[in-house]
Each structure stands twice: as structure tokens, then as C-alpha cells.
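Order of writing sets the chain letters: A, B, C and D. Residues in each chain are counted from 1.
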Amino acid sequence: MMSSTNNIGLEEILSSLNQLFEGVSTEKVDPRQYKIITPPEKTIPVLEFLKEKGYSHLSILTCIDWIAEKKFELVYILFNWGTGVTFVVSTYVNRDNPIFYTVKHIWPTAEYYERDVHEFFGVKFEGNENCEKPLILELWNDLPPLRKDFDPLEYSKKHYPDREYQKDAIHEARIIRGDVRGEIDG
Amino acid sequence: MGEVKLFFGPNHPGMHGNFSVHMYVEGDIVVKARPMPGFLHRGFEKLMERRLWYQNVALIPRICVPEPDINEACYAMAIEKIARVEVPERAQWIRMIVLELARIANHLWSFGGIGGPTGMYTSMYWAVADRDRVLDIFEELSGARIYHMYIVPGGVRKDLPPKLEDKIYHLLDYLEAKIPEYETFILKNRILHTRLKGIAKIDTETCLKIGVTGIGLRATGVPYDIRKVDPYLFYDKVEFEVPTATEGDAYARISLKPKEIIQSIRIIRQCLEKMPSGPVNVKIGEGSGLRIRVPRGMAYVHVESTRGEYGYLVVSDGGEKPYRVAVRGASYPQGLYGVEHLLPGTRIDDVPIWLDSMGVCAPEIDR
Amino acid sequence: MPEKSLFAPLIAWKNLFEKPVTIRVPNEKREASPRYRGFHVNDWNKCIGCGTCAKICPTDAIEMVEVPDMKQDYGMKPQRPVIDYGRCSFCAMCVDICTTGSLNMTREYIFVSPNPEDFRFAPTEKGFLKKEPSQIKLGWVRDENSDLLDLDRVWPEVLPAQERVTSFVEFVKAYSKEQAVAEAARCVECGICTDRCPQHMRIPEYIKAIWRDDLKDALKWLLKGLESENYLGANPLSSVCGRVCTHRCEEVCAISHRGEPIAIRWLKRYIVDSIPVEKWYETVVFERVPKGKKVAIVGSGPAGLSAAYFLATLGYEVDIYESLNRPGGVMRYGIPRYRLPDEALDRDIAFIESLGVRIYTGITVGKDIPFQKLREAYDAIFLSTGLVLGRSTKIPGSDHPDVVQALPLLREIRDFLRGDGPEPKIAKRVVVIGGGNVAMDIARSLARLQKMKYGEVNVTVTCLERTFDEMPADKEEIEEAMEEGVKIYPGWGPKEVIFYPDRDSIKGLKCVKCKEVFDENGRFNPKFDESEFCFYDGDMIVEAIGQAPDYSCLPEEWRSKLQFVGNRILTNNLRQTQIPWLFAGGDIVNGPDIIHGIADGYWAARGIDEYLRGTERP
Amino acid sequence: MSNRGNVKIDERTVWEKIADQLRSRSMWMLHYCTGCGAVELPPSMTSRFDLERFGIGPMATPRQADIFLITGYLSVKTLRRVIYTYEKMPDPKYVIGFGSCTINGGIYYDSYATINRLDYYIPVDLYIAGCMPRPEAIFEAFTKLMEMIRKGEANGWKRYKENYEWYKQNQLRSLGEVIIHDEFHE
């Protein structure tokens, strides 16, 4: 699918990324996928730059909780419909006070992705006035659930009781096998 | 005339799936609309972090109920990308067959689904019954009708059962004969024309701006298909066309579905011919299924689902469980942003048509 | 554009003449596909209760529940899976990972009930509908593609027979890290091995630690076992056992039902070999509260060293008396060096000594120091002198000096190899009598010496047992010996030693056919067919047909108070003899191998502790 | 809450018995796709299996529906609507728990967002095991339900009345409050 000119274009983009933006590092995942790690202050300029270069489709905006490093990694996945190349642009924000800036002026859909990330990780996006409205969850009363320190099983046990079976299934199985005599209920 | 607040769904005859749109209407025109997702939220992304790499195979098909295989494919391919595992050729071809069969099944499903809001029930009765024939193939192949759990990291779970190829050929022949009937009998039908033409019209610019992919985009004349643009599996080794339409309305979107089915049939035939014999899976790492570990890394994999770009971002910290999995539901942009900004102006009775033809699929938005 | 067509509806009309698509459920029963993932069946006779299905279950639907009155057997747990169909997602992973293949799925798919209790179910061979097994149609079954177990063992590097027979170098190489992790990844953590191990070592735990590459944790499991339960499962001789253990655990490994068992022994060796012994002490810290009491141990074999280790961790002052020049007993003087190099044993002993245990070598109790002296100087005595006397066939001619006992010869060979003694007599042709591991050890040692000295191997092994399977030696020992050029002829009983007519040297051994080794009661009572006989050439004959204990260290006054079973001392569970302060273990009590000796040492230490704490009470 | 073991004496009048006979032949199933099991309903209702042979059809509004099919897991957000809907349905009404999730949480047993046992919140007359159950199992369930109605055994709606306090208390325990907000947040 990729023509040779596009290949050159890709290399140009990668090298100009390094020249234009200080502190940006790139990593090759495979020939059509690159990861770009940006310092927070450079993220939005990089995204704008890439959009201009044809990486105009925002596939997803999401977040990763690196609890040991006390960081949230915000991930923007950009796709180029012309070349089929994906850029995974990421940046780290402080986990204790997670605030970043909205990109909804670049991609309107980001408004909902940001609401999603806020709901599940608690990252605030400045400039997105709706970002703190609940979206998927309703009347949520605990930690943002996709944070690593949230334990869903514990929450489930506390709020939604399990069934406590009374039946001695092994005894029933032994009757079925003919190991012991007895009657099966049902 | 005053504004009336209306809860459209989740329990509504026009709503497919457990989704809701809250809106203000004036007369029968929608003036404000807000999507209300989350009724099908199960917290997949969290649950996946709690399960072993292999155990997740049982969990993920449920993210998109009508087309589960794309989840398995994305997940498996992302892991293979991180672990740098080469999947045997036969497995790749089988995966393509599975994905295309799923595409056929889901196109038939949504083709049937449009019967509800338009009142054209024939399409529902025909298409859903024909979809069942595809499900019969899936049952033979994977042991279940709906949740196949067949594509696993490293390949597929089992080889094709004996004689299944003949049955697939038989099904393709049947569908090939059936699709023209759909076109003459349903697509050319007056009811469908009246109810779909010019309804829910969207232009290319809007689609690209908000990130609508798949049929929604292709119905505006842009031949963007991930299978062509960023080929995965062996889509670059088969011949097929990307059907497009130019009108960008509901009718254009619906009429593309039979055309895509024809292309899928073409692809499956090529797969069946080109498929070599050989192994169907390799191990990811060493050891038992309980102790699969994926090296540290991150990869994004997307496929072309019936509704557009469907993607998985898989992050591994080198452990026995995924560190983070993020799912990009194909209908996320149109289901949320699209509903809020594009729905106003539509008539109430066209809202289900809008949602259906744009392929708004609640489970993949909610996850 | 919509078409107004008179004929278009005809397409629909033609369906009138086709077979209806409707399946008339429930009048029409449709069978599910041959791969269908329906309700389970589980063959209880095949199932070993390993619980692997419960571990892979992504929905936590399977619970292993104990079955009352189930026959207890090694290699099997008395529990069976109970499936909660309120959880099950019918993914069939339990089927794909089942270690025995007992669990399968059927094509049954209908089950409705108003009572939720009905959905908890223990599948048996009769399935959900309580049908006879022959009437049940199986659905999803595992095949080689869907198998979730890794059936093939990771083999360490092993020197080829031609090369290893030229020296006494340890011929099984240690696992590399990659190999060890890969092998550890095969484990399913069922713990059946732990049940089987005489010392109940925490095998799944240390294997998992290897897999996580947390060797310190692994070492802790080896040397401390279950800390909360008095160090149950610890093994102070891990370097030794990692090489020469009889690995009963591997025989029962759940993986062995369909594949090769986990190489538990080599994984253990990997742990101890990967951490230098100087680091052991800082990794495995014992909090020892001195008890102010002294224990003497007679014999520094596995049981003695093990008892010393556990007693020392409990805070006792321990002295070991060893009559030979070096500690280790059978590990030092019996097992050949190509299987157990001195360095490995030295590591274990060094660690035991670092806990404050004193080992007095070259002191024979009863000769150099009277038993009574020990009795007076110590609060308790542990006797682990082992089997040191060889047995003779007592056939005509066996009193010739060139008819020798295996054990003394092995001892001489090991002393010679480490430079402690002169070269033993190495004959060009040797006949070994015996089918156990000692016979294999001496045969293979002699083969090496012959190869080194004369350039060729000429060792013949003959034994009563009629087949290789019947021989008590480990199968791999037999195979490796034969690879190295040792000829093994099972099924022959020695009749007499044949001499050259003209001189006083051995020509060979005459044997007669052995018809039966054991009588119908299972007792050793060989029967021979005298008409069928054969002759093996040899300049020297080695007898390796068993050993006997030597109780000469024990004065008659005490010996008479003890109870014996055969020639073994009878003790209680805590290895206490009829004399309260005298404990005994190892081959003189239980046998037959090192790991049993270690277990004896462990239980004796607990017994001694109990006894000594009891004596404090007024 | 089991109706086995303590078989009640049939307290119905003759007229009720006749009514139950008639009821069992004409049931409307509420058209509400609560979970993933709903994907097997269109095949059941259309030509392949043809549910209408049993006199069962989909009904848009709860006010006229008899059967409430809970198709699989219920997120708490849906459960609020389900309780609303269930209470809106006229007596007699029957609930079928469809699939493993309704019995004991299914594969979502550890989810923070889904309940584990349905009969803790609303009474359930019949369960179908499977994930998901095939159309044949749905038919088996409907046949069984019809039989239960004829025998007067499908009494979940009565239990809801009798134990209303218990159900309400459980609902509140898991949901906090059974209310429905709109997305405008006005």
C-alpha cells in the first residue's frame, strides 16, 4: 500500500519531529507503527504538527496508569489514511494531580474521549468544560475504576452479593455415579 | 410550539441494543440530543487486567456482541506484535475466513435490523435467517454460535473440521444467489426508498472531522478501508474492491452492505484456495496456558469491522496479565459526538434510522 | 430509484415451493455440532483432582471440592471439580488444559430450571442428563492444537555417552536461566508432587519463584519450606537432591499423564547453583533462640545432616560424629562423582555448619568415643549410621579376594578420585551382580575407570529381576549405563565363581536362569531353572545385592532395649525409639533413599525438640 | 426464595385456573435488550425458529408486556431501568433469567459495574443456563414457563409483593438510589 514517496515522507516527519521539538523520542513498533513520547508541554504542538502532515484521524485517546512510577500516560493514536501509518503519541502527567489540556479543538470527538478518561482515571482536561460530567457510570462513588489501586472484585463483593449455594454437589454426583445411595433433588 | 424532553431508549421499540438518547424535540424535530451510554458497561478494560493473557480470550468476544471475532483478532494480533511472534500461514488465512464470515453475518444482521425502523420486516425475516446459516458454520468451526473464542494469541484454537470447506463453499454459493434477490426485492423497494433516501445525510468533511470510519465514511465517496490502507493478516494478498457510494445518506449506507458481502464472499473464496496446509498455531512464550507472559511493550492494532475502525491498544509490563487494554469501539465517534451534534434537525421517527444506519453499537461504546 | 415491478414479488413467491427454513423446535430436535461447547462430563476414574481446570477458568466457576471416602493414592487428590453454571462461560479452556483428559464437553445445551441451586453441578461421566457414558455424544474435546499444556520437557545439556564415560565429570549440565524459566513455565501448581515427596517440599512454590525469576524466594522455599508450619518442606540438602534425588515427585507429576513430567530435580539444582552459598545465609535468615541443650548425632549421612540442620534452626547445640574422614556418608562415599560432585555436597554442608553445627570426622562412636560418654554429655542422641555393611551372595568362590563388595569399592574409588587414597584394583573385565542403583553406580564407575585406564569398557551386570522394568534401579540409570557401554543381562541368578584351572584368578561367573524373584506373597524368594545357565567372563566380581546396618556403636545394654523390624529400628512418628532420649532415622529406620533420610531427620528434630521441651517441665 | 421443597397448595380459584390456561397461550415479551443475550432473540423471533408459533411476540411497552427476559448481565445503570420497567409491568408478570450471568454473575463476577444475582433484586421465575443459550434453550424455557403458568407455579410477581421490603432494601444496597437522571444534567 505504501509508495516509496510516502516512506520518505515518514522519515522526514520522524526527523523533523526530533528537530522541531526538543525532548521528543521516537520508537519503532513495526514498519507502520511508531511510538512518540513527548514532554507534556510539547504534546499538543506535536499533535497539531502531525495532523497537518496527514495524521488526521484520531483513533483513540486513552490513558495508562503507571502506579509504580506515579504517572498517568496519556496516549493519542493518530492514523494516516493516505499511508496507513499509525503514530502512538504519548505523554506523562503527574498521578497525584492529573491535569492536562484538551485537544477538542483539534479533534471534536476528543471531547468524549476526554470525558471517558476523566471518568475512568480522574485526569482533568483544561478547556473541556464537560469533562467532569459522568458519561458511562452512574452515581459512581469510589475511585476512578481503571486506576490500578481500585479493586473491582472487592467492590463487587461489597455491593453485589454472590449466590451462596446450599447444595452438596459432590454428594449428588456420587449418587449419580452410583457410589452412594440416595435421592437426587430434581 | 414548546420543547419536549424525550428519553429515547433504552427500552424503546426503535432502539437496537441497550442505548439511550436523551433529547429535546420541538414538534417532531430534534433540537438537542445527548447520548446516554453505559447501560452495557461491564468494565472490560479493568477485568482484562485481572485475567491471564489466555483467559482473556473468553472475555473479549463479549465487547461487541454481533461481531465478536474482531475483538479476538485485534487482541491476538496486538499480542503477537508485542511478542514478535510469527503466526503460521494457515492460521492467518483461517483468521481471514473467520473475520469475513463475521462481516457477512453482521452485515446481514444490520441489514435485517433496518427492517424495524423502516417497517420493512421482510428484510428482517430474510436476513436474520440467512445469518443463521453463517452461525451454523461458526458452530461447526468453533463450537458456539455467538461467542466463538476461536482466534487466540498465536493462531487459532483448532484446525478447520473436516468437510467444513465444502460447507463454506455451499454457503457462499447460496449467498451469492441470494444477494441479488435482496437488492431487487428489498433495496429497490419503495418503502425503503421513501424511508431512507436523503435521511441522515452526512458529508465527507464531517465524517473525517469527527472520525467516522467504515461504511459511514465510504457512503460519502471516500474509499477508506483499513484492509486496504493498513493491511493486516493477508489482505494485501487477496483481490477485492472497496464499494463506495456518494450520497452519504442512510440509503447509501444500507445499500453498501450487500455489496460488501459480495466482496467478502470473494475474499473467502480466495482464502480457501490459497490456504496451505500446516500448523494452525504457535505458542506465545513457553509453558502452559496458565503461564503465558508477553514481553514488555505496547502495540495498537486495528481492523476494519462492519462499522469502521476497531482497535485494541495492548500494554504489557512483561507480566502474566495485560497491564492495560484500551478498546476503540468503531462507533464511538458517531455514537457519542455524532449523536450530540448531527442528530439535531432530524425527525424523531428518523432517529432509529440514523442510529441504525450509522452502526451505533452500544456494547462497544460502553465496554 | 425504486422499481415498480410486477415480477419482483415473484422472488418471494418462489419460497412457497422451497423447504421451510423454520426448525420446529421443540418437535424437531437439532443436534449441536461435533465441536459444540455444551455441558461438561468428567470421568472420575481418570480425574486426579489436580485443579488445573479451576485455575484456568476465566470465570472462577470451578471449585475443587473434597470427596468423602475417596481412595487416597499417591498422584491423586481426593477432590473433584464442581462447576457453577451461573458463572461458566463455556470457553472450554478447562477441557483444553485438563492434565488427564478426563474433563470434556458434550453436545448437550439445554438446561432450564426455576431453582438456581440446580446450576451448581459436579460433572461425572454420566453428564448433565445422567445418561450412560456410551450414550453421551462428546462435543469439544482437546486436540493437539488446542492443548494448553506444554508436554515436552526442556532438556539440559547432557554430555554424550562417549564423552562422559572418559571422565568423572558431572555429565548433566545445569539449566541456563532461559531453560529453567521455560521449564518452570510448564508447571500447573497442582501440588500433587508435594503430597508425594517424603519431605513434602514446596515444589510448586519454588517452581513459580523460578518462573518469576525470584531466586531468593525460591531458595527460601527450598531451605525454609513452610515457615509457619515448623519449616515443613525444607530441604537442607538441596544441592544434593537437585542432582541425585530419586524424584518420586516427577513420577506423579500431573503433566506426566499426557507428557513428560516437570524436571523438578533439575529446577531445584538450578536454584542452589545460581546463588553462591555465601549469599544463602543472608537470603535465608533464621531467628534462632538458643535453647541451651545439646544433641549428638551419630553419622553424617542425609538423615544426620538433616536432623542437625533443623535442630540448629530450633536453637540446639548440635555435634555430629562421623567415623569416616569426611562428612556426608553415602553422599560422599556411595554416589559416584559424575552424578554428585563433592562441591555440591560441600555447599550444603557448609551452610549447615554455618548454623553452628559441629562435625567431628574420623571419630567412630563405640570405638574412639564410648557411647556412654555421649549419653552423659548430651541431652539427646540421634542415630543415623546408615547401611554400611555389604551383603554377599555366598556362592562358591565368593570368598576370593577378587570378589568384592560394591560399597567399599565405591568408597575407594571416590577416595582415589579426590586424592585421599590409592588407586583401587581395576580389572579389565568386571561382572557386577545386582540390579539396583548401587549396581549401576559401581558398574558405571568401573566403566569410567576402565575407559580411562585401558581405553575400553567391559562391564557386565547381571541380576535376578527378569526385565529392565522389574529392576529396582531407576530407568534412566539403566539407560545411561547401557549407553556408556555397560552390558546388562537381567534374569540370571549367580551360581558359582569359575576360576582358571591353572591359576588362582577368576575366569568368570556362572549363572542360572531365574524364573521368579518374588513368591505369591510378594516376598523375596527367587526360583531358578537349573537347566538353563550361562557364563559371564570377568576377572573380578562385584557384589551389589544390598546392604546391612551396623549397630556396633550401640552397647548391648541399649541395643537390647530397642525394638527391631527385620534389621531396622522401630520408632514412632517422631523417630523416637523405645529409649526416650534416643532417636533414629535414615536407612536404619526407613530408607531407601536420601529424601526419605532427610524427612527422617526433619521429624526426628521435631521429636527431639518436643522431647527436650517436655523434659524442662517439672 | 426457592419454590421447590415447599410446594404450596394450589390456592387459585377455578376462574384463575382458567385464566392461567389462557394466559399461557398468549404472552408478550418485553422488547428490551438488557444484555448480550438479546442477540439470540431476533433469530428466535424470525423465520428460522419462529417464536410466534408459541403465541409469543415482542412488545414495545412494559405496560402491555407479560414476560421480561433479562438477557444476561445487568449493569447497575441498566438495573435501575429494569426495576422501573418491572414495576411498570402489569400483574401477572414473569421474569426469565437468561444465561449464566443472571444466576451468579457469569464471567462478570468480579466486575464493579454488574450485579451478580438477579433474584436478589427482582424475583425470577425461570433460569436458562448457557453463555449464551441457544434459541432451542429459549424455546425450552418458554415451554417450561407456559407449563409453570398453567400449574400456577410461576409466582414471582406475588413474591415481589409479599417481600417488597426485602427487594427494595437489596436494590438500595447495591444501587444507592433507584432514580433516573437525564444526560443534560440540568
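Everything that follows uses one rule, which is that a contact is a pair of C-beta atoms (placed from the backbone, for glycine too) under 8 Å apart; a residue touches a chain by one contact, two chains touch by 3 or more.
Note that the structure is predicted; figures quoted are calculated from it, not measured.
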Fill in the blank from the handout: Sorted by label, the chains bordering both chain C and chain D are A, B
Exercise for the section: Return the chain pair with more inter-chain C-beta contacts, choosing between A-B and A-C. Expected result: A-B
Exercise for the section: Express in whole angstrom the distance between the two chain centres, defined as the mean CA positions of chain A and chain B. Expected result: 20
Completion exercise
Distance between the CA centroids of chain A and chain C (whole Å) is 49
Problem - Between chain D and chain B, distance of the C-alpha-averaged centres to the nearest whole Å - result: 29
Fill in the blank from the handout: Cα centre of chain B to Cα centre of chain C, whole Å, reads 54
Practice task
Quick one: which residues in chain A touch 2 or more of the other chains?
Solution key: 137-138, 145, 150, 152-153, 163, 185-186
Fill in the blank from the handout: Two or more other chains are touched by the chain B residues 38, 41, 43, 46-47, 50, 58-59, 129, 147, 366
Practice task
For chain D, write out the residues touching at least two other chains, lowest number first.
Solution key: 4, 47-48, 77, 103-105, 107, 109-114, 117, 131, 134
Handout entry: Touch-based graph of the chains, sorted into line, ring, star, complete or other
Key = complete
Exercise for the section: Can you check the complex and tell me which residues of chain A touch chain C? Expected result: 163, 165-167, 169-170, 172-174, 176-177, 185-186
Fill in the blank from the handout: Seen from chain D, its contact residues with chain C in the complex are 2-4, 47-50, 53, 100-107, 109-110, 117, 119, 124-131, 133-137, 139-141, 143-144, 148, 153-154
Fill in the blank from the handout: Given the complex, residues on chain D that touch chain B span 30-36, 38-40, 42-43, 46-48, 60, 62, 73, 75, 77-78, 81, 85, 107-108, 110-114, 131-132, 134, 180, 182-184
Fill in the blank from the handout: Touching chain D in the complex, chain C uses residues 21-26, 30, 32, 39, 58-60, 84-90, 109-117, 119
Completion exercise
Within their complex, chain B touches chain D through residues 5, 7, 10-13, 16-18, 20, 22, 32, 34-36, 38-43, 46-47, 50, 58-59, 62, 65-66, 109, 112-113, 124-126, 128-129, 131-132, 135, 145-147, 363, 366
